[in-house]
Structures are given as C-alpha cells and as structure tokens.
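A short write-up of the structure that comes next.
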Amino acid sequence: MTQWPGYFGLILQGALVTIELTLMGSVLALIMAFLAGMGRLSRFFVVRAIATTYIEFFRGTSIFVQLFWAYFVLPFAGLSLTPLQAGVLALGLNVGAYGAEVVRGAILSVGREQYEACTALNLGRWQGMRHVILPQALLVMLPTFGNNAIELLKATSVVSLISLADLTFQAQVVRSQTGSTLTPFLSAMVIYFSLALIISWGVRTLERRMARGLDGVRV
Amino acid sequence: MPTPTIKVDAISKSFGAFKVLDGLSMQVMPGEKLALIGPSGSGKTTILRILMTLEKIDGGHIEVDGEQLYHMERNGQLLPANERHLAKMRQKIGMVFQLFNLFPHKCVMDNVTLAPMLTKGVARAAAEKRAMELLDMVGLADKAKAMPAQLSGGQKQRVAIARALALSPKIMLFDEVTSALDPELVEEVLNVMRKLAAETDMTMLLVTHEMGFAHDFADRVLFFDRGRIVEEGKPDEIFRHPKQERTQSFLKKIIAAGHRI
Amino acid sequence: MPTPTIKVDAISKSFGAFKVLDGLSMQVMPGEKLALIGPSGSGKTTILRILMTLEKIDGGHIEVDGEQLYHMERNGQLLPANERHLAKMRQKIGMVFQLFNLFPHKCVMDNVTLAPMLTKGVARAAAEKRAMELLDMVGLADKAKAMPAQLSGGQKQRVAIARALALSPKIMLFDEVTSALDPELVEEVLNVMRKLAAETDMTMLLVTHEMGFAHDFADRVLFFDRGRIVEEGKPDEIFRHPKQERTQSFLKKIIAAGHRI
Amino acid sequence: ADDSKLEKLKSQGFARLAIANEPPYTAVAADGKVSGAAPDVAREIFKRLGVADVVASISEYGAMIPGLQAGRFDVVTAGLFMKPERCAAVVYSEPVLCDAEALLVKKGNPKGFKSYEDIAKDTSATVGAPGGGTEEKLALNAGVPRDRVIVVPDGQSGLKMVQDGRIDAYSLPVLSINDLLKKASDPNLEVIAPVVGAPVYCDGAAFKKGDEALRDAYDVELAKMKKSGEFAKIIEPYGFSAAAAMSTTREKLCTAK
Amino acid sequence: MDWDWDFVRQIMPVLLQGVKITILATVLGSILAAIVGLGIALARRSSNRLVSLGVGWFAEFIRGTPLLVQLYFIFYVLPDIGILLPPLVAGVIGLGLHYGTYTAEVYRAGIDNVPRGQWEAAKACNLSGRHTWTHIILPQAIPPMIPALANYFIAMFKETPLLSAITVLELMNQAKSVANTYYRYIEPITLVGAFFLVISLCSVMLLRWLEHRYGRIER
C-alpha cells in the first residue's frame, strides 16, 4: 500500500544533501585546519592566540550549539545564512578545529632533524615548510583527515535541527508519513556506512599514491 | 698571518642548569682540517651546531671569515644578528649529520638541487648539472633518481655530503658521519672525505669516534672534555704522546674497547 | 664424545620470499664459547632468535641438551612442539639483546626477580638474595632500586645480563650487546662477559662486530654469509689466516674502517 | 512603508513557509510534494495576494518561532495553536485550523484517562507530548509533574512509545492522532477524544512581529475565503471543521486565560 | 532580542537539572565504552578469523553511521524484537557502543606501541602468556592510553544532546523545553554553550595533566 519507491527517492534526495554538506564542509574544514594549525605554530603571539581561541572554542562547545548559533543567532547580527550555508559553516568550523590539531601534530611529528637540515641548507622558514616539512606532514595527516571526514559525514545528521532536509531528516519524514520505523532508518544507516566506506577507501588510495617510494617517512 | 676562517671567542652555552660549553675559545685557519674528539657529552656536537646556527650561544663571540656570526655591526654597535644576517653567514657553512637527514620524500637529485635552486635562484638545468658532478664525485651518479629509502646507510651519507657541497660552502662540518653506519659501509664514506680533503681547500671540522681516521685526516686534533678544550696538537702528539691525564685515560679506554688508532 | 649442547641440523628460514637461513647446520659443545661474525644481514641474529624460540623455523631440526627444541616425541612420532614443551626448553636458554629490552616500568631489582618468581615460583626473599649476588657480580649492587631510565647504556646492558642469568640457563645468547653503547661504555660490559666466561661453564653464543673481543673471548669463530657458515675455526685461524676469499675481504674492510682485531 | 514586506514577497515571487512534519496539517507525498491543510490554505491566500508561490520547509516545532524571529521564514502555518504567550511572541492571523486535544492509549483505556487531571492523579502514569507544544503545557497545568511529562520528538515516536508501553498516553490534537492511528492500523490502540476540560484550539498563520501589515492583508483574504466557502473546500477534505474556525476569533483565543 | 539576566536566573535550576543527567549519561557511557572497547580490541586480536572479522566489520559499521540514527534504532526499533529499554539506558548503551568502537582503536594502538622487544624479552624470561600480559604489556600499554581515552570522554560529553531524540531530558533538551515555554531562545542555548565550554576547558586542563602524568614511559 505504501509507495516505497517514491519514499526511497526522498531518502536518496536526503543522501544528496548529506553528500553536498559533507563535501563543502570538508573543504571549509581543510582550509580552517591549515590556517589554524599553522597559525598555532606561528612566531607571532597574536596569530597564535587567535588560532588557539578558535580551536578551543569550536572544540569546546558542542556542534549543536554552534549550529544553533549559526542559524538562529547570526541573523540578529545581520548575517542571514541559508540552512545549507549555516550547516556548512558550523560543520566546517567545528571539524576544522579538530583538523587544526592534526595539522599541528603532523608538522611537529616531522623530526627536528628535518628542520635542522633545512637550516643547514640555508632554506628560509617558509621554503623549508613548503618544500620539506609539509609534504612529509601531509602523509602523516592523511589517515586522520580521513577519520575527520567520516566524523563530519556523521555530524551532518544533526543539521536536521535547522530544518535542512538531509538523510536523517528525510528518514524521519518518511517514517512519519509511512508509519514504518525500521525501513527508513536501516536504509539511512546503510547509506551512511557506504559513504563512510567510500571516504576511507579514497583516503587509503590517496595515501598509497603519496607514500610511493617513501618507506622512510612514518605513515 | 691570514685571518682565521673561524674564530671562537670565550663562548658559553647552557641547557637549563647544565653548562655544556664554558668559555670555549678556538681558531681555525683557512683550509685547515680539524678533528674534535672527546668523551660523550663533552660538547663536540654542540660547538658544531652552534657554528651551523642550530643553537644559540649564551655569551661570547664567533667570527666567521672575519665577520661576526651572531652579531651585526650597525653604526659601530654590535647588535644581535637578525635572520637575514644569519642567512647570509650560513652561505659559508655546510653540515653533514650523523643520521644523514636526507629529505625522504625527494629523490637523490632533488635532495641535492633543492637548496641551490631555492636559496640561490640557480636554474634547474644548471643545478642538475652541478649535482651530477657532485654525485659523480661521491660515486653515486647512477642513483640520481633513487629515493633515499632505497639507499644503504653509506650511500645516504654520501648523498648528504653531496647535498651540503652543492651550496659550495667554505666550511664543512661533519658530526660523527660514520657512527650510524654498518662497519662494512664506513669505508666508502671515509674515502669520499679523504678525496674531499685532498682535492679542495675547504676548511673542515670533524667530530668522530674513529680515532684511526681522525689521525690520518686531521691537521690538528682538539680533545674536548666537559665543554672545554683540554688538549690540542698534531695528531701524532695527541694520539701517541698525550700530555693530559684525561686524554690518556680516554684513549686507553677506547683502545681497550677494540678500536685501532 | 659428550652430547653437543646445541645441535642444529639443516634448518632453513625465510621471510617472505627472502631466504635468510639455507640448510644451516652447526654444533656447540658444552661450555663452549662461540663467536658468530659476518656481514650485515647474513643471518647471525636470526639463528640466535630461532634458538630463543622468537622465530619459527621452516625446516630442519634443533636439539638442545639432547632434546628436540621445535618437536616433541610422542609414541615414537615427532610432532610440532606445543607451548608447554617450548616453555620447558626455554628454561635452558637465556638471551641478552642489543637494545637491552629492560622492562621500563620496573626497577632494576624487579627486572631481575620477576622471571624467577613467576616462572619458577621462587619466594621473593630468595629471589632478591640471588638478584643481589648477580647485581654485585655485574657491579651494580647499588642500583637495585633505580629505574632503567636512570641508567646509562652500559649499566642497562649489565642489568639485562643479570636478568638473563637469574634463570640460571645452561646456554646464554648475546646479540651485539655492545653495539648500541657509547664507545667508552663498551668496556664495562665486555668486562662482565669476560668474568662470566672465566667463572662459569655456561655455553655461550655471541654475535658481535667487535672483532678484538671476539678474538679474545671465543673458543671457536663462525663466519656467516648469506645464511650459511662460510668458514669456521679457532680465532687465530679465522682472523689471522682466513682461508675463504669472502672472509678475507670482510676482515679487510673492517680493519680499514678502523677496528682493531 | 508598512506594506514593504508584501511588496518584497511579490517581487521575489514566493513566500517562505515553516510547516510541521505532522499529518494532516502537513503531508509529504512520495514524490516529495508538500500538501496538507495548512500549506494549502497559505498557498491559496498568497496567490490572491499576488505572491505566486510558497516554498515550504519542514521544521521542528522548537525551531519554528526562533526561525521566524530570525527571519528564516515569512510565516509559520503548522498547527501552532494560539495562546496568550504565543500571541505575545508572534502576530497571528485570524483562526485557520481548529482542533481539540486527544489522548492515544492502549485498547480499553486501562488506566481510564478522561482528562489531564486523571493523569496527574495516577502517580505512576506518564504522558507524552511534543516539546513546547500545547499538550505539554496543558498537562503541566493540570498538575502532572515535570518528570511524568515525556517530551517526544514526533508523532510516530509517540505512537511507538505507547505501543511499547513506555508511556501510558500520548497527547496530540484529535486529527493528528487519528491520522497516526490510521497509518499504524494497530487494533490494540484507542483514541480518547476530546480530552475533558481541554479547550478547542485554533491555529493561525504566525508572522514575525513587525509584519502586522502583511498579517492584515492575509486576514482580509482569509475572511473572503471563509465567506465564499472556498476555505471549507480546502480544509474539510483533511478532516478539519471550517465552522469551528469561523466560530471564534483571534482576540478571544489570545486573551483566553 | 536582548539578553535578560532575570530570565537567566529563573531558568538556571532547570538547566542544572539537565546538567546532572548529561553528566550521568556521560559517566555511565564512558564506563561502558571502556569495557566494550577492550572487548572489541581483544576480539579483533582473536585467532578465530570468524570472530575477528565479524567483530571488525561490526565495529566499522557502528563507526561509519551516525550516533543519532543508532539511538533511534535502539529506542524505536529494538522493542519490535522485544527489547524495551528505558530512555537513559538506551542512551547509555548507544553512547557506550558507539564510543566503544573508538576506544577499541586506542587499546589497539596502546598495545601495538609496546615495543616488540618487550614481548621478546618476556619470552626470553620464559614468562607465560598471561604473565606477559599482566606484568609486562598492559602496565606499559595502559598509562599512555589514558589521555586518548579521556579525549573520547570529552567528545562523548558533547554528543549527549543527541539523547534528546530519545526523550532523555539532558541539558540540551531541558534548554529547548525552557525555550519553547517562554519563546526565548538566545539565553538558554547560549547558556548550554557556556556550560559545554566551561566543562570542556576544565577537562582540557585535566587532559594536559593526564598527558603529562601518563603520556610516556621513560625507557
């Protein structure tokens, strides 16, 4: 009696929104992670302080609160975002704060001797960072970035709070329209898991590419 | 008498409460080959690292090629050196590390050409030509495209030497460059260094536990203990007829442990 | 002729496609002191680890003290050894590692007493009494309460020797026990081993790159290359008059690198 | 300047609606199309006002009023019943959809609930209600202690909790509960309607404070539709009574004690 | 919309009530996660391929799907097969299971980080398997894990708002309820954010101390 094909279509539409959020959120998170992660290692106190505040704030408060602020409180400050923008902003900034620590940790994990080799070869600070440290750090970051992307994917489920029709939200809609609980939630879980598998597969492939001929670098 | 290439004047250096160098002074003449020996923890590595500006000094002065290393003269005043001054001074100095410190993500050729291209703006073609000459010199012309992980320890160390030479420094610092190598691989590195000593007029400072090599290689030997130079002289004097008791006991232990001098 | 303490019969061992040991056979007589030398990667460590049951063998047989090590006889059949059999056989064997492998969360005394108390049920008082004798023997009676991190490399290695001796094995295996030490600290460890060799009738197998010590210490020297024994004999024969070309070239390189024999 | 909001909506061609995920106020068809009594009325009125289309987004109850205040929506048509506190927070149109309260219980009403007071008296009884909804407040006002009023995220969850015996009763407007029960077609459940002593409530379209001019324009069209009978034509198929909506006024509802 | 301190004073007791539930859920969830994690870690080391692979995929699935959907599943779907859990219990099980898959990784890394030489020395000392675990491996593996475990404890704390989906009256739910009663949102939600921030900042300090105290074993 229920028109399941149509409702699965709705769930898939939700999956599209989830994918869109995950992709755009990841891009923002990546940018923030590098800015703040390198900011925390800056020589300048002010830069360090800003980066630290950003990181501690966004890691310290819950994603729910951040989402609510982005969506309901920012408009009072004259900045009205669409639900998608607010979702991307909150997710990106939140995951970016975690990513920043990954960037910082990875940069620090590159041995002191590599920095010293840069000095001995008279490379400037930025030259050494760009050509020697970051390429090695990137490989260390990659697996954790993969995990972060999966975390972000899962966190998109909370955007239903701001009425964005993502996968979880559509599952809820289908549930109340059809009266069936098991089918929409199980489908949603399977879709989430498939997306997570795709992410980790992608990251592993990338990692293998980058690690080629690099047994010396810790992976 | 010509200006010394390196003139170290009463420098001191502490790590926390621990005084590693204590009013150390020394001079190195142009083209001189110097061996620094002494017990573990006596400050040999530290003085090399200070010359390479990898550590700061707490007091004293260092002149390299007649110019202050850690200070700049401005209107007759001595100010602490800024990064630009240090970068200028570093052009004169190259260093080879105990653990090679090659860039693991770059092939041998890129390891050697990176610094000349970035710091001196040498064009890629020119940099690669010079790199091939250097790799040839250290006997690794055929490994230009290899990654460091594919090389043996001795090969890595020879690449590290070529990399340091690519910047054509006046002074080369070697810190226990063979002590991380398998005994069988030591010789190939020492051969390169012998060749270097014979063919160039670079000033060379060498920290080593290979007393035999120090003996053959050096014009002068400095014996370090607890951040001071306890004894110095020609290799034969130091190794055959050490005057100080500390030197004597050190050499005795080394010989007992099975090393040839 | 007495039964050999160790009888290795045509064993082979591969890591993946790489054959490390290739039909190796050897015998060690009771109380014999054996030195294993040879180039890096030739399988010296591997054979010690096999004797300590840290690696499995792919083929062949080993007898220790007349008993099969990796096999058990049951009703006249040879079966693969189970963990109980291995544990019984391990009682006869002790090993000292290149990197000491002390238990970092336990003090020196506990490192030495742990195994006797747990595996043999020795009472704490008795275990500690014996441990103090052993620590005294290696010259570290005053460090009983220290943590491993507070010790120098040489001291750590001497604790490791005491720990292995605490189980009173018949056979002691030493794998490059001095190569991670500062040259000045090597001697104190070698002294302990000399004392051990002189005072006990333990069978001892020693892998080393210290040719001088191998010469003084060993009754017999085995030269390994690519997983086989290329040459064996009395130290004087091997070091002064090696017959095989491979042995000659190896020793030549080692000497060139500055080691005394 | 007061009409600026309507002008803006006209020129952009659509109005943004917040609706609830709660049939029959709102229904989402398998093709994703939004219908239901509330959005249908709004769509018609806006069309008459010259706003070509409405864009409806489903929202949590708790997010509706803040969303309206933050300018996320132009209007909420979601079965938000008019009550004095709400009238102070938003500006309402005249009544649109009216409904009484009902209780969903196990077959045979084992605990014999007729009113919220009955629930309050039975110290072991729990009642579920939407968070921030009218039912929650009615139950609290009737003396059911806070820890026996369970905040349930949505109707389907409430139904499930009654089925599973997690709560003894679930309270929603009559039509919503009937719709739920129809979908579940569970013979072991029963609806008690209307709840004794609970007033009949009506919702209205809720606008942001400051949008009174828009609201007034909306009222004019609504009144015309009520008179012409088109209003009844839209809502009665969904089970709502047009007569109920026309028998009361915003003023009455907003000043009720 | 202006900030109203009187209102803040008025709603504080209710919010504190929510804080209590939040903390209770976090503590119970953490204890469960610590146990589940150890179980998963050991099962994955099992020599029985069926057990290690089965548990491995199960853990991957849990880790790849959002906690929110899992909570719905536990609370609304499990009763269909006769498992009827009170909201808080369902929430704690959801948190414990979800985070157990994370702590399992911590256990695994902690055990893997004990150098191989320690296993070998234990064997050379002829210690039995059980003695090796209890006297050598676990005493070295567990202290360095403590900071990472504490990290997940904090993360879990920030995810408790999800429990509102299954009717647990934790902090976020209380705040929403208050907000919906008075139609004032900024104060309650901001207070929730402040609570989270304060508690996270305190726990970050605790974490630093733990890292300092247990972070590394001197060798």
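Note that the chains take the letters A, B, C, D and E in the order they are written out, and that residue 1 is the start of every chain.
In the analysis below, a residue touches a chain if its C-beta (ideal position, glycine included) is under 8 Å from a C-beta of that chain, and two chains touch if they have at least 3 such contacts.
For clarity, every value in this text was computed on a predicted model and none was experimentally measured.
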item: Chain of greatest Cα-centre distance to subunit C; value: D
item: Inter-centroid spacing, subunit E versus subunit C (mean Cα positions, whole Å); value: 47
item: Rounded Å distance between subunit A and subunit C, as computed from the means of their C-alpha atoms; value: 52
item: Rounded Å distance between subunit A and subunit D, as computed from the means of their C-alpha atoms; value: 38
item: Two or more partner chains touched - positions in subunit C; value: none
item: Subunit E, residues touching no fewer than two other chains; value: 1, 76, 185
item: Set of subunit A residues in contact with two or more other chains; value: 72-73, 76, 181
item: All pairs of touching chains, each written as two labels joined by a dash; value: A-B, A-D, A-E, B-C, C-E, D-E
item: Residue ranges of subunit A touching subunit D (in the complex, touch as defined); value: 3, 5-7, 9-10, 13, 71-73, 75-76, 80, 83, 160-163, 165, 169, 172-173, 175-179, 181
item: Subunit B-touching residues of subunit C, taken from the complex the two chains share; value: 39-40, 182-184, 186-187, 190, 209-213, 250, 253-260
item: Of subunit C, residues touching subunit E in the complex; value: 49, 52-54, 83, 87, 90-91, 93-95, 97, 99, 101-105, 114-115, 118-119, 147-149, 163-164, 167
item: Contacting residues of subunit D [partner subunit A, same complex]; value: 18, 21-23, 27-32, 57-60, 63, 66-67, 69-72, 154-156, 159-160, 180, 183-184
item: Touch list for subunit A against partner subunit E, complex; value: 56-57, 59-66, 68-69, 72-73, 76, 150, 154-158, 168, 171, 181-182, 185-186, 188-189, 192-193, 195-197
